[in-house]
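Chain nomenclature is as follows: A, B, C and D, assigned in order of appearance, with residue numbering initiated at 1 for each chain independently.
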Amino acid sequence: MTVEMSTYVVAEVSQQADLVKTIRLLDVPTAMPGQFFLIWLPGIDEKPISVSNQTSAGTEFTICGVGPWSTAMLQVEAGDRVGLRGPFGNGFALADNTLLVGGGMGVAPLRYLAHRLMEEGRSFDLVVGARDASSLIFREEFGRWGARFATDNGDLGHVGTVTELLSEMLRLRAYDSLYACGPEGMLAAVRVIADEHEMAYQLALERLMKCGIGLCGHCCMEGSGLRLCVEGPVLTREMLDGTAEFGLPHRDGSGRRRT
Amino acid sequence: MTVEMSTYVVAEVSQQADLVKTIRLLDVPTAMPGQFFLIWLPGIDEKPISVSNQTSAGTEFTICGVGPWSTAMLQVEAGDRVGLRGPFGNGFALADNTLLVGGGMGVAPLRYLAHRLMEEGRSFDLVVGARDASSLIFREEFGRWGARFATDNGDLGHVGTVTELLSEMLRLRAYDSLYACGPEGMLAAVRVIADEHEMAYQLALERLMKCGIGLCGHCCMEGSGLRLCVEGPVLTREMLDGTAEFGLPHRDGSGRRRT
Amino acid sequence: MVELPVTLAGIKLHNPTVLASGILGVSASSAALAVAHGAGAVTLKSCGAEPRLGHRGPTILPVPGGLLNAVGLSNPGAAAVAHEIRDFRGRCEVPLVASIFGRTEAEFGEVAAIICDAHPALLEVNVSCPNVSSEFGTPFGLDHDATARITRIVKDIAGTIPVFIKLSPQAHNIGSLARRCQDAGADGITAINSVGPGMAIDVYTRRPILSNLSGGLSGRAVLPVAVRCVYEIAQNVSIPIIGTGGITTPEDALQMILAGATAVGIGTGVHSTGISIFQEVCRGLSEYLEESGFTGLDDIRGAANDR
Amino acid sequence: MVELPVTLAGIKLHNPTVLASGILGVSASSAALAVAHGAGAVTLKSCGAEPRLGHRGPTILPVPGGLLNAVGLSNPGAAAVAHEIRDFRGRCEVPLVASIFGRTEAEFGEVAAIICDAHPALLEVNVSCPNVSSEFGTPFGLDHDATARITRIVKDIAGTIPVFIKLSPQAHNIGSLARRCQDAGADGITAINSVGPGMAIDVYTRRPILSNLSGGLSGRAVLPVAVRCVYEIAQNVSIPIIGTGGITTPEDALQMILAGATAVGIGTGVHSTGISIFQEVCRGLSEYLEESGFTGLDDIRGAANDR
């Protein structure tokens, strides 16, 4: 872990969707799937981003343009420098016979997770949801692993939500545990389903993060006080049980609860 | 090397002469013969002192009461605490077939040197000088190693200086090199003799030291600028050749040259 | 095991470790995390009258030996903080210290009133924020007169709630400044806030890294400065001191207490040592007292001042 | 290899590394050791009118991340230093910076006269020493008016010898203080002197370790503070800056230069990195310029100020 900031030259930029790009950097410290780095775009801002893949060819981060920082990140070109510190957080624990459930940008960390599970020869299945086919990123990669897809508009695969697809999969066969990453509403639904099936799960959450190193308290969950940047961002049932805000509005940059 | 200060409990105090005592401390960092520590007597001062022995039973420092700090050190009792940082300096390089020449308090580091040479099975002889028999410390220990003694008043051994004894020894048999520690006048005489015999030598010098870590410049030799606390305190012919002040008055605490 | 209770202006702490302001204390829940890990008291992040989002990132940056921070006074506003204070009292037994700041002298009074209404155990006044009315935005805390005035304003409002003034190490003659605070009615002093400020520049993009360009230095690097400030303050006041700045080990905490601190504030150590720091410091203090034959922290407080 | 020459108020240095005052510079010989290891210029230890032995030990104490020092203005007196200056010129080519202090404004003038008679390449004025005429012995350097007056006194005496004022990071609004120095005739600024001061207490003997109780903090711990000061000064003056404080690597030196320093002072790094630091910093700077396609330090000086 490198808590101090270093800047890295962007080796390559690729585009996955209209507002989604992936940058590749070399010689980044080793990270587990589910861990994240803080990425500084000089002059703009610094934000947490999950590792979307890490191999000997470099470390990839996949970013969706939704606000000032992420939109500026879409302008980054090969040869530019961005700052990095991390990896931070706990990451996913690797397990056998699992089902990966991804929605929206949540597929980024699941992509790296799937790569690592493959490498270790651990069996898994994958369900991935998106608004429409064009926003379903890494589709070919996921397809190669036999992923099943869901789209809101029925462009591709199941018509409807990825959680409907999840329920269907669980009827077909038994998995030891679930991994999920995506919008918090989706994660809340996954949790309900997992509880019904009495299955273990690991959910990767997002909160506003100012420090990444467990100091500022901005990423703490209501109730348990768990720091998503240290004890998370991957939470299990035991960790979620003490928290009061999961699936609810959370705090903004001032620390105020959103309503 | 511990550059930061730690305080140690004095395990034992023994007395060698009227104004000479040895304190033993436990768990002190390992030092080479010729290296020194800065010893802080809280509320009084801090001074460099050579290791006079170091074994599994502890590390010994032998101190002669000549001024405010050293006189206060003679009051230290077992159970008291003194501060220590070090070891500092280069120390003696261990060699075979050598002659050790000690005068006054200079015998302290030579004592540790002799212990280490014995341990390593390296052959050496010893000549030791003092004002009189009562100020000749560690006499029994040196006697066991076959040391020859010189006293100014003829109390014991050769009547006269240790350097006369040195010349005599060199007439009797050949040594590969000399180690010497003692008053600077004695060291200057040793150097002349060694030059005559074209012998290698290692002389342990003393200068006022304020930092011990090569920063303050107070221990620098005129001419070469060599720092006795880092590049010394043990100087060889090559190192002494560039210095202009050896055997001459040197600087006081203000940095002023003594005249 | 030697017990470590201390009394801070009448408030009992079961141990002297206090979570420092700005660390974890965004909410009752995040502060409770420090309690779960053994903190003897917790301080909330400083709040002003209005919510502030603070600066863009990076706002918190580890550097060798310490940390730079310039969060830009981000806080949810006094009203929201009052709510957290009540929430905290509902679930934690340990004393809660609320921290307030103002950009004008009037704002200090305004915020104090809202916060005191929620009855924190102690009220800490952060005078290190820039004074918007002064020529260079010089922090109130560097101006002895302004600090004394703010102390009086806040103390009048706080009534029986003990008021601690948190001083900046950049203040000249910090001992006499602390004395001014005591004379103006302060019940205690917290020292120190962060040092500097400092700046880190990325040599490849050739830019200051913090979005605010510079930020306060904290962490182990500042311990000697904090210990010296506490020592000087202890020689000038009779009110208790929360010694804060650079504590990462039990020995660091001991230095503070020997310099005269009644309690010890811990901030950056939560990162550099880890959240276990509260328990580790307490264990170390207890062992030290035991080995040295002391019966409690009262036996050693300020001992370094006796020479 | 990209060459690293810089010009400091008309004085040419073959590289920007300058041995800082108080480190090694007791004598011509000790200063020459830094020259032998690659220093581009050397500064002698600050001297006053009379010889002073300084404090008893410990006066210099490594602490985590840095060093505390309180040598107590030990120096051989201006007359002896003038002799060392002549001695140094007899054997070294690199520019020599003499450093002076005074305990009264008059002493600054007196010492400047004796030293300038020996014609150092540059004269540095250490205003961080306590003012014996002020109520708390507050250092001259914290008082903008006193600093400006001393600048004028010394500059009048120094004539064509460039005068650098060495500022303390404890000064408030260091940028405008530097501006006052420039307006008063200073040819350059050296920043910073040590930080704090700080104190270290031995927890077993329960005493402050330094014989002076407290001492200035230097070394890596203070780099961010020094960089911020240099940055602020660079935005306020047009005269050159010797950026000093916490440099231990080429990257640290780069931060200083990017903040606006023309040369870089190196003190504690002589211990923490070793005497090879001058050569290591130069090698690193040269490699950086080469890799980034620059032809000299002029291309990057103050680059961080452009944003």
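Rule of thumb we're sticking to: contacts are C-beta pairs under 8 Å (C-beta built on N, C-alpha and C of every residue); 3 or more make two chains touch, one makes a residue touch a chain.
This is a predicted model, so every value here is computed, not measured.
Listed here as common contacts of subunit A and subunit D: C.
For the pair subunit B and subunit C, the distance between mean C-alpha positions equals 50 Å. Centre-to-centre spacing of subunit C and subunit D amounts to 33 Å, using the average Cα coordinate of each chain.
Inter-chain centre distance (subunit A to subunit C, centres taken as mean C-alpha positions): 36 Å. Centroid to centroid, with C-alpha atoms defining each point, subunit A and subunit B lie 66 Å apart. Shared interface positions of subunit D, i.e. residues touching 2 or more other chains, are given as 63-64, 200, 204, 207, 307. Contacts with at least two other chains are made by residues 43 of subunit B.
Contact topology of the protein chains: linear, an open path with no closing contact.
In this structure, the chains touch in the following pairs: A-C, B-D, C-D.
Against subunit D, the residues of subunit C that register as touching in their complex are 63-66, 68, 136, 138, 142, 169-170, 172-173, 176, 195-201, 203-204, 206-208, 213-214, 217, 220-225, 227-228, 231, 251, 254-255, 258-259, 288, 292, 300, 303-304, 307.
Here subunit B touches subunit D in the complex through residues 3-5, 7, 38, 40, 42-47, 81, 83, 85, 210-211, 213-218, 220-227, 230, 244, 251-257, going by the rule given at the top. For subunit C in complex with subunit A, the touching residues are 22-27, 29-33, 36, 45, 51-54, 56-64, 67, 71, 74-77, 80, 200, 202, 204-205, 207, 209, 211, 267-268, 270-271, 275.
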